[in-house]
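Consider the two complexes below, in which subunit A is the common component and subunit B and subunit C are the respective partners.
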Partner chain A sequence: MTAAISILALLAGAYLVAVLEGWVSMGRMSITGPLASGAAMLGRESFVPKRRDRVFFEVAPPLLLVSALLAAAVLPLSPGLIVADLATGALFVNAALAYVMVALLMAGWAPNGAYAMVGGFRFLGQLVAYSMLIVMPITAVAMRAESLVTTEVVESQAALPNAIYQPIGFVLFLLAGMAVCFLPPFDLPTAPGELAGGVEAEYTGWRLAVFRLARLVLVVTVAAAVSVFYLGGWLGPVFPPWAWSAAKTLAVAALMLLAGRHVPRLRETHVLEWGWKVGIPLALLNIFVVGVMILVVG
Partner chain B sequence: MTAFQQYALLLAMAAATIGFVFCLYVIGKYLAAPRKEEGEDTPAASGNLPEEAAWARYHPRYYGYALLFLAFDMEMAYMYPWAVVYKELGLVALLDMGVFLSILFLGLLYGWSQGALRRQ
Partner chain C sequence: MSASEIFQPFFVGIFGLAAIWFGVVVFRTSSMVRSALALLFSMTAIGAMFLAMEAEFLGVLQIMMMATEMAIMAIFMVMYMMDPGGMEGMDMTHQKYASIFAGILATLGILAVVFLVEWGPVAEAAHPEEQTRMLGIEIMERSMLIFETAGVTILTAMIAATAIAIERRKS
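== the complex of A and B ==
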């Protein structure tokens, strides 16, 4: 029952994100727009390239969806409303999100098209840049919570949300989250206007519908992770817990969609340089600062 | 719920997702009635037909980063258990991991000085 409610909430969130993404990219809001374009995608033929890698081509879109859903399954909407309250929750989020790269690399490799493959390999480079900035800030969060259980991570922020306690980690995690969801300016694998759709280039029809849905779910999942790890999840006065979770998640999703809108797309080389020369030293500094603060302040 | 039940539930979720994707496939199959046309199955290449396979023509120029990434990724596996017991162990934990991380960070600096952090 809780699983069904959580997944319905996730899908509702994905729909709202779709409306929002249409709004920021098209300039006008359409409530039924995503439904119409989803139905249109299902009504189109799904082409399959001639010399493709059969397994990779079919597996990539569902795998992206599965990885986003599994990561969302360990994130709580309210104290009781969580699909699986795993003892290793925070680590599980990492593990599930790692498959985003696998799915996109498969999607890039499978159709035997030049644009798709460049997109896939670019995302692999992007992973090398952002992955540490997901893992290291979560470590600092776990240090404060003394636990990897996501509900305990939320409860550890009762006095002060982690966004204020460890602001460096918050900013790094938010940026890395945008890179996971390949939102602008980190939209290297799809690169609209440059790679003819990149990893999406050879996907049409129902397969593209699965791919797009997976990406929307991924945005909601990462926004929920930011809210759980840094903004205190369901904690908040007056309103019920689930409302706080939903509001924080949607606010983070909106921020992630809007933040890079007017920034030029970064080159893969520059993402890697920023990630390793600035990001990782800052993330290590964050762990150290949090460690000292826990010892001194408690 | 026991840990086993939780993982069973997650597995069931993954299976249900595959089922959902299969449903979309069936819907798509009956909604779209495509007509076979020549050339519809060639990958996009700006209007030109590709002459050779696209596989194996890409040079991942970030392999220097990728090697360093392996070292860091392995190290993070040790960080999680340490992070959980950090408050309990206190200063000892900070010093232990401080030494470990500073060695690793020196490795990063060394790699940087040798040109690992640039497009190869």
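== the complex of A and C ==
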């Protein structure tokens, strides 16, 4: 039952994100737009490249979806509404999101096409830049909660959300989250207008539909993770817990979609440089400051 | 016999067989990326074995670390091999007899350990949260020096490797 509600909530969220993405990229909002383009994609024939790597080609889109769903499974929508309340929840989010890269690497390698392969390997470079900026801010969050259980992480923010308690971690995690979802300006693996779709380039029909759906679910999952780790998840006055979770998740998703719209796409070397020279020292500083604050303020 | 007593060995076995199968796939392909990803899934299956054995933290850690590690290995394999796609019919195998001999010897050794050791009663796994706490205390107390030494050694190796890789400035 919990799993069914969570999946329905995720799909609803993914649909809203699709509407939102259409709005920010096209400039006009269309409620039925994603439905129409989804139906169009499913109606088209799904071509396959000639000398593809069959297993990788078929596995990549579902793997992207599965990794997003697994990460979502440990994030609570309200106190009782969580698919798997693992003792290592915060770590598990990161473990599941690591397979996003595996899926994109497979999608890039499989079609035996230049654009796709460049896109896939670019994402691997991007991962080297952002992965520490996912783990290290989560470390500081777990330090404050004294637990890796996601529900306890939310409860630890009753007095003050982590976004205010550890703003450096919040900003870093949000940016790294955008990089996980390959949203602009970190859309190196797909790079519309330059790589002709990159990792998506050789996918058509229902396979592309699965790929796009997986990416939307991924955006919702990462936004939910930001809400759970930094914005106090379901906590809030008056409205029921699930409404707060939904509102915060959608607000974060909107922020992630809007933030990079007017910024030029970052080159992979620059992403790496900033990730390692600026991001990681800041993340270490964040852990240090949070440690001092826990000892001094509590 | 409770349900968990049946299912637990069943899943440990299934994931174990999956780990072995993907391990075999590593050597049955000539494509570097396939080989690296097969190794990844072999390692992931071992992570799943940990989960089936109720070692949650270790399982999740294994599943997380291996994804990144194997992908980075794939980069280097593609970079340095002359035929990364395995489409030119390159043969990656060598010293076949020596490896068969080593494989059989290792298998016999493992089987000997499995059957000859008196394992005693099965220990009850602690609650997952307790496991995480115990692991943390282990790392921060008794094994701290080992972890610190390993960490500093790896850091030194990273710095040294970078220093070697950088082109010398001609002054």
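Everything below uses one rule, namely that the second predicted complex is superposed on the first by the 298 of 298 C-alpha atoms of A that agree within 3 Å, B and C clash if a C-alpha of one lies under 4 Å from a C-alpha of the other, contacts with A are read in each partner's own complex, and residues count from 1 in each chain.
Quick note on the criterion: a residue touches a chain if its C-beta (ideal position, glycine included) is under 8 Å from a C-beta of that chain, and two chains touch if they have at least 3 such contacts.
Remember, predicted model here, so these are calculated numbers, not experimental data.
In the superposed model, A:101 makes contact with subunit C only, not with subunit B.
A count of residues in subunit A touched by subunit B and by subunit C gives the higher number to B.
When the two structures are aligned on the shared chain, A:109 is found in touch with subunit B and with subunit C.
In the superposed model, A:136 makes contact with subunit B only, not with subunit C. Of the two partner chains placed by the overlay, neither subunit B nor subunit C lies in contact with A:286. In the superposed pair of complexes, A:162 makes contact with neither subunit B nor subunit C. In the superposition on chain A, contact of A:202 is made with subunit B only, not with subunit C.
Where the contact sets of subunit A with subunit B and with subunit C meet, they give residues 86-87, 91, 109, 121, 124, 128, 131, 147-148. Subunit A contributes residues 53, 56, 86-88, 91-92, 94-95, 98-99, 101-102, 105-106, 109, 121, 124, 127-128, 131, 147-149 to its touches with subunit C in the complex. In the complex of the two chains, the subunit A residues touching subunit B come out as 3, 7, 42-51, 61-62, 65-66, 69-70, 73, 83-87, 90-91, 109, 111-118, 121, 124-125, 128-129, 131-132, 135-136, 139-140, 142-143, 146-148, 196-197, 201-202, 205-206, 209-210, 268-269, 272-273, 276-277, 280-281, 284, 287-288, 291-292, 294-295. By the touch rule above, subunit C contacts subunit A in their complex via residues 31, 33-34, 37, 40, 56-57, 60-61, 63-64, 67-68, 71-72, 74-75, 78, 127-129, 131-132.
Of all residues in subunit B, only 1, 3, 6-7, 9-10, 13-14, 17-18, 21, 24-25, 27-29, 31-32, 34, 40-46, 50, 53-55, 57-58, 60-62, 65-66, 68-69, 72-73, 76, 79-80, 83-88, 90-91, 93-94, 97-98, 101, 105, 108, 112, 117-119 touch subunit A in the complex they form.
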